[in-house]
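Read from first to last, the chains carry the letters A, B, C, D and E; within each, the first residue is number 1.
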Amino acid sequence: MEMNKAIIDIKNPVLTIKDLSVSYEKGKYAVKDVSAGIKKNSITAIMGPSGCGKSTLLRAINRMHELYPSIQTLGKIYLGNEDISAIPSIKLRQNIGMVFQRPNPFPTMSIYDNVIAGYKLNGTRIKKSKKDEIVEKSLCDVVLWDEVKDSLHKRGTFLSGGQQQRLCVARTLAFQPEIILMDEPTSALDPIATAKIEDLLVELKKKYTIILVTHNMTQAARISDLSMFMYLGELMEYGITKSLFTNPVNKKTEEYLTGKFG
Amino acid sequence: MGKIRYNKIQTNGFSFRLVKNKVFFCFVIFMSMIAISPVVFIIIKLIIKGIRQINLNFFIDVAPNTLEAMTAIANGEIIPGGIANGITGSILMVLLASVMAIPVGILTGIYLSENQDKIFANIIRNISEILQGVPSIVLGILSYLWIVINITKGFSAFAGSVSLSIMMLPLIIKSTEETLKMIPSTIKEAALSLGVPYHKVIFKVLLPTGLGGLLTGILLAISRVLGETAPLMITALGSSVINFDITKPTSAVPLLIWEFYNDPNLLDLVWSSSLFLMGFVLMLNIIVKRIANKWVYG
Amino acid sequence: NDFSQSGKEENKKVTITAAGATFPMPFYNMVFKNYTKSTGILLTYGGIGSGGGIRSLKDKIVDFGATDAFLSDEKIKSMPAEIVHIPTCLGAVVIAYNLPDVKGIKLTNDLLEGIFMGKITKWNDEKIKANNPDINFPDKDITVVHRSDGSGTTYIFSDFMSKVSDVWKTEVGKGKSLKWPCGIGAKGNPGVAGTIKQTPGTIGYIGSEYAFAQKIPVALLQNIAGNYIEPNVESISAAAKTDIPDDTRVMLTNSADPEAYPISGFTWIILYKDQDYDGRSKNQAMETVKFLDWLISKDAQDVTKKVHYSPLPETTVEKAKQILRTVNYGGEKLL
Amino acid sequence: MNGEKITKVVLFVSSLLILFLAAGMVYTLLNGAIPAFNKFGWNFIFSSEWNPTEGKEEYGALSFIVGTLLTSILALLLCIPMSFSASLFLGEYYKNTKIANILGSMVDLLAGIPSIVYGLWGFYVIKPLIVDLGFNEQGFGIFTSALILSIMIIPYATSLSSEIIKMVPNELKEAAYSLGATQGEVIFNVIIPTARSGIVASYILAFGRALGETMAVTMLIGNANIIPKGLFDTGNTMASVIANQFGEAEGLKLSSLIAIGLLLFLITGIVNSIGKLIINKLS
Amino acid sequence: MEMNKAIIDIKNPVLTIKDLSVSYEKGKYAVKDVSAGIKKNSITAIMGPSGCGKSTLLRAINRMHELYPSIQTLGKIYLGNEDISAIPSIKLRQNIGMVFQRPNPFPTMSIYDNVIAGYKLNGTRIKKSKKDEIVEKSLCDVVLWDEVKDSLHKRGTFLSGGQQQRLCVARTLAFQPEIILMDEPTSALDPIATAKIEDLLVELKKKYTIILVTHNMTQAARISDLSMFMYLGELMEYGITKSLFTNPVNKKTEEYLTGKFG
């Protein structure tokens, strides 16, 4: 089945994916030959039916698959001009932050420690004043500062789901990464918390580049600049969000957007 | 086309972190190997030292006395005799212990799984867990005070098996309860909806369904007590002949090992009987694993 | 083999259970086995120490007990019923040691005291060297090995030590188990022997057979006459060349005989005079007494030498027979 | 209907039996220990004088209590690096792989080796090693027995803590990785803090095992009834003194040994209960 | 909130439920004041959103709740004219068979033994020829005979899910009960197996009375004669399936049927 794929070309991409394939089991590809560039300071949404490989693609970008020896990855990804496989993974992951589907603050750490977890984890020594500064700045960035500033030394797990998720974003921001990967960051949240995160993302893209996996089409339409549509592991269509939603080129994309499946 | 903007603060010193990571990994591998190396060393030692003695006589002769061993050593022969009295004694006592521990253990296990939240059941469960931690030598004392002094009026296989059966009890209770808890309640309800009375459901549906699990628990308990020495020393005492009278002193393989260990003339036998005992216990463990993989429900 | 033989005997029902001293165990093991072979009567013997033998008899859980230390009058009174002592053989407690390539160490009583009190701690101590000028001692710690359980062997040894050392007598004393000033404990004569055999630098006291059987070197001890004596059948027998009381309860240590090995002694079997207790059958009592009668007969006594014990002197055998004849079953004679 | 009732009664009675058994155990031990406690009072626990010489009899358990705690604590300390490594091997580095399966089976095998075989191996292999290394002259003592004990309790500590390490959710680990942590950093900052109480519980239970271990210790500790002066000194443990002296004890000594048994029973009971309490809180 | 309940009156009901209430926890009723008659030789479907008390109601009918002492049951149920609490539970349950959501053949028994499990487990002695007869008849009734007649002595658990479920029905039929209770019997099955079971039910109602809990509205519409709609433990509407589907009286029913919730 050959389909007419429509893939936009991004100039000066901050990230370039080149012929990427990922397989969990031999011979079965969860992501097949995906190539695309990611635009700086934009929100790129990845959509597609369940199991189409969205998460898999996203996780390839910060080499998360390397943790599981059985997963095979082919193709290349470039951060700027540099092949990410040439960058030490611990460095790469600080440059490409990640926020997960379910809020996952470290349960044994306080809110304060959660924010500077990145430094704590790798044993970087920084001054208390510098730490305070980072914590305040990151929490302000995610609009959580006012809510938690009096309970910085309580456990992060006592927060509400939406607050926890913002805390996780703050944790990622603390390193000032270039790119932030987000895998359905609002799917475990209620509508009000979701709206807050969406506002936050729009705010964040001024400084960061965001790649967002989402099941929620209206969310993608609302906040993303560019959208990808994946199907059975392949990238079917990639373009400016507005034109993709109003005038999809690929037939599968159209069916998906009109609710025929998914 | 922007150059990669590395962060200023944290990126230096990362190679040191990588080295640290590697070093810790190597430490883990090394210590893990150390942790399991005794198994290898012990098995090799037992085989090298003990295999020579293992022949037919080893299984059908009773333990030799010092003089017989001495004569054999002087003539450069292998020590005559075997551990038949120990094997029969071990079998006798473990069987007897099983006869006492298995029914009570299984019935109590059923009671616990049927009455999950009752206070009494909780008390019993806690008692059983405490029993599991009681050192075997203390069980030996108790069996001495109960059985040796009052019942058999003398060291006896029965006294030995009582201490073993108290060791087995909590293991069987626990495995029975866990097994039965794992059986989905729909199996039970299916039988009930056929109009089967409750007690028949327990004995005809739940127990057969959990048979693999029960068997695993029982075999594991047996393999635990097979190597017990301390409580038998002060209850069964040991015997130089084959004895099937449960009111009389009786030997057991670990007791013979203790005797052989104490008598350097019989040293060769200590290795072979240890090899035998360990081989037997390990075999039981392997069987248990097999059953656990194949039979256990779920 | 045993299996088929015992099955044929009509007497197979009777099992005689005994427990106690490990000191005479090599002898007992051997004669017990012989007796089972020829009569089919099962005999089991648990080497749990003399103390254990006495307690087992007191608890009435054995047919007879075995001890290397006779019971004091007071102890006899504390038993639930009257008991009798039957001596079975003579043995020696030897001082065994493990020093590679060193044989024939000569020890005086002073040296024994020094070593076992923990005052002499090195093998190349001047005092030891002075007494053994021909021997080249290594610079090694002395590790004393003693019994960790109660034992008649300990009793004989400490009885001797108390006779020859005042310091010992006041600080340690004599008994089946002691508060040891130094050293490590091992269970039973076999345990001590095994530990000595396996551990260079050790010294300890054990029943003679345990040393000879395992070719552990033993020290020559100085007796009252000043002679250095090697423990053997003759020197042990020599220790018994003295007046033996009718009930045979006597310690033979530190014998005045110039040929005698100083740490020698009887070992006894103890049993109730009236065998009708606790519902024992008469048959059981009969077989017990019959066996003991055989044990002091020439047949059995001849075996002693094979395992480095000495047979009872003729006169003692007579006395033992006398005692055995008093054993009865509710007044009925058994022999 | 009838069968139903009978079954209920039978099940209940058998559980009652367990209750009676436990009550009987406590009663018997208490009853047997009373003469010793009557005679010596608290001194039984706080005195290290163990003098069985007739006429001078005096019994205090302190040196055995100290010996027991010393060997068990030392065993625990020696066991921790090994079993901790093995549980990381099983629960993190090689989680659910064939090689972990093999290592896991070997660890289980350790639990299957009878105590007396450990004692034998310790006597003939470890003890000479200790002598050769010059730790002490004869090789017996606290350290030697603790070393063997530590090997014996590895499986108890390892199997439980590796299960608990396995249970640390992947999403937490991935969160840490995505912040640029190395595997070692993830282990120390995420896995261990999260699994901490479970790991502690597994060591407590392993410690409880070490307290009551008898034969291997008896064969290696030297059985000297004194408070050990150092790690390479000889000593004795509660379990071992019972094994050594119970066979011939009578009167006051017998009562004292039973009292030691009672103490051992209580100490292991408390230690195990604490361990189980932590485990039960986790689930 | 009072709602207009519409409950049909059944003449000569084989089973009569009268003011039935069931609570798992004190004060919270999972089934509240339900009264209804069940028509002989018909399929009665029980529908309603998840947690509305369908299973609870069904299990009250064969007194399954008695196993759990903490569950409290009020009201009465009559089998014909007889109060079921007066019938020995063993007899009652043989008269009112039950089939569960997931197929649950006894794992240790052969297919043959599974069918006559009711007799076997009760220890009822019957002749081998009689047994053979029952097994063949029951398996024929559930249209399984041809598929398994050559492997009667293999384990029942080796069958496919649909076959297992039919086996479970056969096991219930072996006693020739009056009423068969079924709690979502097809929810664990694929469409083909589901269709077979549905055909079977239609066939079975000639001889038996069937009460069927189902989540699947189209299934209820396809095969049931009468339908109940439950909501929050209450019986909202009970009537002829056709009229209930085309012309629901109760507002909640209508909302449910049109997919507004559930």
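Here is the rule we use: contacts are C-beta pairs under 8 Å (C-beta built on N, C-alpha and C of every residue); 3 or more make two chains touch, one makes a residue touch a chain.
It should be emphasised that the depicted structure is a prediction, and the values quoted were computed from it without experimental measurement.
Visitor: Taking each chain's centre as the mean of its Cα atoms, which chain lies farthest from chain D?
Guide: E
Visitor: Find me the chain with the mean Cα position closest to the mean of all the protein Cα atoms on display.
Guide: Chain closest to the assembly's C-alpha mean: B.
Visitor: Count the touching C-beta pairs: is B-D or B-C ahead?
Guide: B-D
Visitor: Please identify the chain with the largest separation between its CA centroid and the CA centroid of chain B.
Guide: A
Visitor: Just the number, please: Cα centre separation of chain D and chain E in whole Å.
Guide: Inter-chain centre distance comes to 55 Å.
Visitor: Chain C to chain D: how many Å between their CA centres?
Guide: Measuring from centre to centre gives 37 Å for this pair.
Visitor: What's the distance between the Cα centroids of chain A and chain B, rounded to whole Å?
Guide: 52
Visitor: Quick check on chain B: which residues sit in contact with 2+ other chains?
Guide: If we look for residues of chain B contacting two or more partner chains, we find 10, 17-18, 197-198, 200, 261.
Visitor: So which bits of chain A are touching at least two other chains?
Guide: Residues 90-91, 94, 118, 122-123, 175 of chain A touch two or more partner chains.
Visitor: Multi-chain contacts only, two chains or more: what residues does chain D have there?
Guide: 1, 123-124, 180, 182, 185, 218, 243, 247 - these are the residues of chain D that touch more than one other chain.
Visitor: Report the complete set of touching chain pairs.
Guide: A-B, A-D, B-C, B-D, B-E, C-D
Visitor: Using the touch definition up top, name the residues of chain D that touch chain B in the complex.
Guide: 1, 3-4, 6-8, 10-12, 14-15, 17-19, 21-22, 24-25, 28-29, 32, 81-86, 88-89, 93, 103, 105-110, 112-121, 123-125, 151, 154, 158, 180, 182-185, 187, 205, 208-209, 211-215, 218-219, 239, 242-243, 246-247, 257-258, 261, 264-265, 268-269, 271-273, 276
Visitor: Spell out the residues on chain A that touch chain B in their complex, using ranges where they run on.
Guide: Checking each residue of chain A against chain B gives 12, 14, 40, 79-82, 88, 90-91, 94-95, 118-119, 122-124, 126, 175-176, 178.
Visitor: Show me the residue ranges of chain B that touch chain E in the complex, using the header's touch definition.
Guide: It comes out as residues 184, 186-187, 189-198, 200-201, 204-205, 208-209, 211, 297.
Visitor: What residues on chain B touch chain A, complex-wise?
Guide: 1-7, 9-11, 13-14, 17-18
Visitor: In their shared complex, at which residues does chain E touch chain B?
Guide: Where chain E meets chain B, its residues are 62, 64, 67, 89-94, 97-98, 100-102, 104, 106-108, 117-118, 120-123, 168, 171-172, 175, 181.
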